[in-house]
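First up is the structure itself, then whatever we jot down about it.
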Amino acid sequence: MLYQRSSSVVLGPTRYGKAEVRMVHVSRNGAEHALKDLTVSVALCGDQAETHLTGDNAKVLTTDAQKNAVYALARQHGVATAEEFAVLLTRHFLTTCPYISHARIAVEEYAWDRIPGAESRHSFVRGGREVRTVLVHADVDGRRTIVSGLTDLVVLNTAGSEFHGFYKDEYTTLAETTDRVLATAVDARWRHTEATPDVDWDKSYARARAALMTAFADTHSLSLQQTLYAMGERLLTQDERIAEVRLTLPNRHHFAVDLAPFGLSNDNEVFYAADRPYGLIEGTLARGDAPADPGAWE
Amino acid sequence: MLYQRSSSVVLGPTRYGKAEVRMVHVSRNGAEHALKDLTVSVALCGDQAETHLTGDNAKVLTTDAQKNAVYALARQHGVATAEEFAVLLTRHFLTTCPYISHARIAVEEYAWDRIPGAESRHSFVRGGREVRTVLVHADVDGRRTIVSGLTDLVVLNTAGSEFHGFYKDEYTTLAETTDRVLATAVDARWRHTEATPDVDWDKSYARARAALMTAFADTHSLSLQQTLYAMGERLLTQDERIAEVRLTLPNRHHFAVDLAPFGLSNDNEVFYAADRPYGLIEGTLARGDAPADPGAWE
Amino acid sequence: MLYQRSSSVVLGPTRYGKAEVRMVHVSRNGAEHALKDLTVSVALCGDQAETHLTGDNAKVLTTDAQKNAVYALARQHGVATAEEFAVLLTRHFLTTCPYISHARIAVEEYAWDRIPGAESRHSFVRGGREVRTVLVHADVDGRRTIVSGLTDLVVLNTAGSEFHGFYKDEYTTLAETTDRVLATAVDARWRHTEATPDVDWDKSYARARAALMTAFADTHSLSLQQTLYAMGERLLTQDERIAEVRLTLPNRHHFAVDLAPFGLSNDNEVFYAADRPYGLIEGTLARGDAPADPGAWE
Amino acid sequence: MLYQRSSSVVLGPTRYGKAEVRMVHVSRNGAEHALKDLTVSVALCGDQAETHLTGDNAKVLTTDAQKNAVYALARQHGVATAEEFAVLLTRHFLTTCPYISHARIAVEEYAWDRIPGAESRHSFVRGGREVRTVLVHADVDGRRTIVSGLTDLVVLNTAGSEFHGFYKDEYTTLAETTDRVLATAVDARWRHTEATPDVDWDKSYARARAALMTAFADTHSLSLQQTLYAMGERLLTQDERIAEVRLTLPNRHHFAVDLAPFGLSNDNEVFYAADRPYGLIEGTLARGDAPADPGAWE
C-alpha cells in the first residue's frame, strides 16, 4: 500500500512506536518476592500516511500512550512470561486504536537470581550475561507469530575443534589446525510453530538454551559452520513446536601467541583474545514441513 | 535452495564472512597526505552446505583470506570512495572462489579533517560524529545494488515543532504542544537507481547529507513523521539517481522541566534530555517509478 | 622528582605502559581443562624524563615488550590467581629494566563456568556479570600493595528499604518513603593488610563477594549510605587481613509508575528503571589500626 | 576526620551526589537561538557520618534536590559557560545546607553547530567528537579550584613520527622505525592558576584546544612521550593562567599490514587499526612556580 503525494515520490512501509521502555515488575507472595525485569519496544503499523504527508495526527496513537500501556497492563495482568506479556500488548494495541492494524512487540528480559546465603526473600542479584528475547508480530486479522531467543550467550571450547581442508585462493595464508579454541557469543532466535498461549514458555526457553549450549559443547567441530548446524538441529529436534531457528555466531578468535622468539613453546596454553575483526557465521535451519514466514523475524 | 540432512531438519539461507576489518589507507602527493578510515565487513553466500552438514571445508574461502583481500586490494587499487572499494571487493570475491555466488560488502567510513592551523599536511583530526555507510550486494550473474547512507547524524530544532491533535485512548495523557524541541539521530540509507561506477559518490553523499539536514531544519514540523517524510522527499527530489530512501529516526525527547514547585516559569528554556524510552519513527520513501528491491537493504 | 627543561615548564609525574592486554590461559589435566580469562594493564614509572624531553628512548622498555612479557610469563608460570600473576609481573618489570622503579599491574578477570549438562570437560560459558579486579603496586625497594575488588555486581532489594527524615532545602520535593526498591551496581575494592603471597586469593575473593551481597540483602536500609557502611563493615569484620575498603554505589532508581490517571493503584508493583541521572554514594571504611595508603588505589 | 562506631571499623572519606544530570538550556535572541548541552554531576562532602552509621538522614540534602537545583539555577542564571555554571552550583550547594562543607561539580559539554545551509536560526547539528570537561572543587571556607579539559579528541599524523633506540630486554621484539603513523585520543585537563570568574572561559578553551592539536601536528615525534611533553608545554606557554596540565594519551596503534605473502610491498599505505591492547602514556606538566594541588583533579 503506497501513498502518493507528488508525481515522483511515494511513501512506502512505515512503523512507529516507543522503544526501550524499561519496566520492572515485582510480585509478592507474603515475604517471598519475585521479579521480572524487561525492556519493551513497541512498533505499530496502520493507516498512518496522513501524519507523514500533512502532519495531521488524528490517527496517531502517541508513543507516550504506548509507554503508559506497557506499565498499566503490567499492573493489571502481571507478567507471567515475556511471551505472554508481549501477546497481551499486541492485543491491546490492535483494539485500542482503529488506525492500527499491526503490532510488533520486542522484549528483552534480564535474569535475576536470589542472593545466595541471604535470609531475606526479597533480595536479588543479576544473573548470567545473556539476554532472553521475544518478538511478537500480530495483525488485526488474527495472524500472529512468536519468536523467542537469546543474545550474548558466550561459550568456549578449549578442545574438540579443528579447521582445515579449506579452499585456498591467492590471499589464503591461514595455517590449518587440528586443535583450536572455539568461542562465540550465541545470538539465537527460534520461531514457534503455534503462536498459542498454551506453551510453557519458561520451560521451552530453558530447554532451548540448554540444547544450544550442550550442542556447542559436545559437537566435535570441523568448522564453526558445522557447530552452527549442530546447535540448530539440536534445538529443532528437542522441541517439535519450534519451526525454525536463526543463528548468528561471531567467531571470537583466540590466537595462540607465538612465543618462539623467547625460546618458549606454546602448545595451546596462552592465547590472545582478539576484538576485531571476527568471523561471522549466520544460518537458518527449519523443520522440513514448516512453511517460511519471513515477516516474523523483522 | 534448501539442503536436507535428516527427514526433519533442513538448512536454509546462510552467509559467512569476516566482520569489522579495520583499515586505514594513506595516500601521498608529496608532503600532502590523504586518509581513508574504513571498517569493512564481508559476507559471502554460495555452495556452502557441506561445511555445515559434514564439516568438509573444501568450498570455504576462509574469513582470514577475506580479511587479507581487503588489505591487499586497498594496496593495489587504493580507496577512491567507499562505494567503489566495496564494488571492487564484490568483484574479487565473486571471482576468487567458484563456490561463492553472492557477495555483500558493508562499509563504515569515519571522517577526518585536516588539523586547523597546523603547518604539516599530514595531520588530521576526526571530524563530525556521523558515520558514512555503504552496502553493496552483488551476484555472480552480474546483478548489483548499492545503498549509501549515514548513521548518528544528531540534529535538533529549538523551535518550529508542534505535536497535537493526536488520537486519544484510555492511556493517553500527553499534553498537546505548539512548541517543542525536536531532536533525532538520523539513520538514513538510500538506494541508487544505477549501481554503476560512474557516479561521483563523494558529491552524491555530500548533497544527500545536506538535503537531510536542511529538510530537518526548515520543515515546520507537526510530527516527527512529517519531518521524516520531508527529509526523504528532499533526498529523492535533489538527486534523480536515488531510487529509495529508508529513514530511522529516534525521537530524542527533551522534556521541559517543571520548575513550578520552585516558583519558576520555564518557557522552553531548560530541558531534561532523556535516554530511554524514546519514540522511534521508521519509514521508506521511493521514487514512484522505481521497482522495489528488498534484498538491497539486508 | 621534577624535570625541568625551560625556566617556566617542569615535567611532573609520568607513567606509561601497555593497557588492556587480552589474555586467555588454558591448563589441562588430561581431558579436564581449566581456563583463566584476563585483561592485564601494565603501567611503569622510573627514570623516563629523557624520552619526554628529547625523544631519547634509551631508557624506555617498549610497551610491546611489556605485552610480550604478559604472555611469556603466563606460559612459564601459569596463572594461579589474578593476584599472584600481577605480583609476578611487577617482579619481572622491576628487574628486567634498570630504569623502571615502580610497576602498577591492573587485572580484570572474567568468570567462566562449565557448561551444565555437557559431557565434555573442555566447554565453558561466561558466568555472572561482575568483573573481578586486582591492582598491584610495587616499588623497586620492595614495597608492595595489593587491592582486590569487583565491579558491576548488580543487586536489588524489593523490600526492606526506606528513605525519609532528610534535610529539606528550597529545591527538595522528593516524597518520603518507607518502602522503596533499592538497587545498585556494586563497585568495591579492598586493600589487603599484607601484600604477601600466602593468602588463598580465590577463597578471600569468594568470601568478600558473599559478604557484600549478604550485607546488602540483610540490612534493613534507611539510606543507601547506611547500606554502604554495612557492606563495608561486613567485609572488614569477616576477614582481618583486609585493611580498608572503598565502595562506589550508584543508586539505580526504580520509580513506581503513577498509574492513578488510569484509575489504577500501584502499590510498588510496577517500576520504571531509570538510566540517568542516578545517585552516587562513595565511601571508605578502614580497620581502626590500619595505616592509610592512598597510593595503593590509584 | 574519621568516624568510629566499633573498636575495629572506622568510616573514612565519603561523598555523595546526583550523577549525570542531562540538561539542555536554550536561550533566544528573537529568532536567533543558542544552545548549551551539558551533563552535570554533583558530589558533596560534609557532616554526613550519621546517615552511614545509623540511617539518620537529617543532614542529607537529597540527590533529588541536587538535580532540581541544577535545572532551577540554569533557569534563573542561564549557562554562560560550563565553568561559570559549575562555580555557581558550588556556591549554591555550600549555602543551601549547613551540613555540606565541600562541593565538587563535574560537567561534560557537547558541541553543537548551526546546520549549514539552513534558513532557520534554531537548527543545530552535533559537532565534533570531543567532549569539553570542567571540574570545580569548592570549600565552604572559600577555597576553589577549576580544572578545564577535553576528552576523545582523536588526532593522527601520517608522517613525522619515529620510534627507535629503545631499551631492549629479553621480550623486546619490536622493530625500530623511522616512519610510523601516530594516533591518539587526547584526554587533557588543565588547572587554572586563579579560580576567578573573570576569565573568558570559551576563549581559553578554544586556545587550549588549538594548542594541543597544533603541537601534536607540528612536533616531529621520536616517541609519543615526547609528543605529550610538547603538547603540555604548548598549552602552558600559550596561557600563563594555566598552572598545570595532565595528559592521558592512548597510543592507537596502526600497524602496516604485511603484504609480502601476496607479492606486494606496503610502504606505509595500508594499516590495520588495532583496538586492544594499546600503549598508554600519562604525564603531568606544570608551570615551575605553580604550587601543586592534587585535590583539584579528583
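Letters A, B, C and D mark the chains as written, and numbering starts fresh at 1 in each.
Please note the rule applied: a residue touches a chain if its C-beta (ideal position, glycine included) is under 8 Å from a C-beta of that chain, and two chains touch if they have at least 3 such contacts.
No experiment lies behind these values; they were computed from the predicted model shown.
Looking at A-D alongside A-B, one finds more C-beta pairs in contact between the chains of A-B. Of all chains, A has its CA centroid at the greatest distance from the CA centroid of chain D. One simple way to say how far apart two chains are is to compare their mean CA positions; for chain A and chain D this gives 38 Å.
Centre to centre, using the average C-alpha position, chain B and chain D are separated by 31 Å.
Once the centre of each chain is set as its mean CA position, chain A and chain B turn out to be 22 Å apart.
Residue positions of chain B touching 2 or more other chains, listed in rising order: 22, 68, 72, 170-171, 173, 261-262, 275-276. Here chain C touches chain D in the complex through residues 2, 4-22, 39, 41, 43, 48, 51-69, 72, 96-97, 99, 163-174, 221-223, 225-226, 228-229, 232-233, 236-237, 244, 250-251, 276-288, 292, going by the rule given at the top.
Put simply, chain C touches chain A in their complex at residues 22-28, 31, 33, 35, 37, 68, 71-72, 74-76, 112, 115-120, 122-129, 153-160, 181, 210, 213-214, 216-218, 254, 257, 259, 261-262, 264-266, 268-275.
Residues 170-171, 173, 261-262, 275-276 of chain B touch chain C in their complex.
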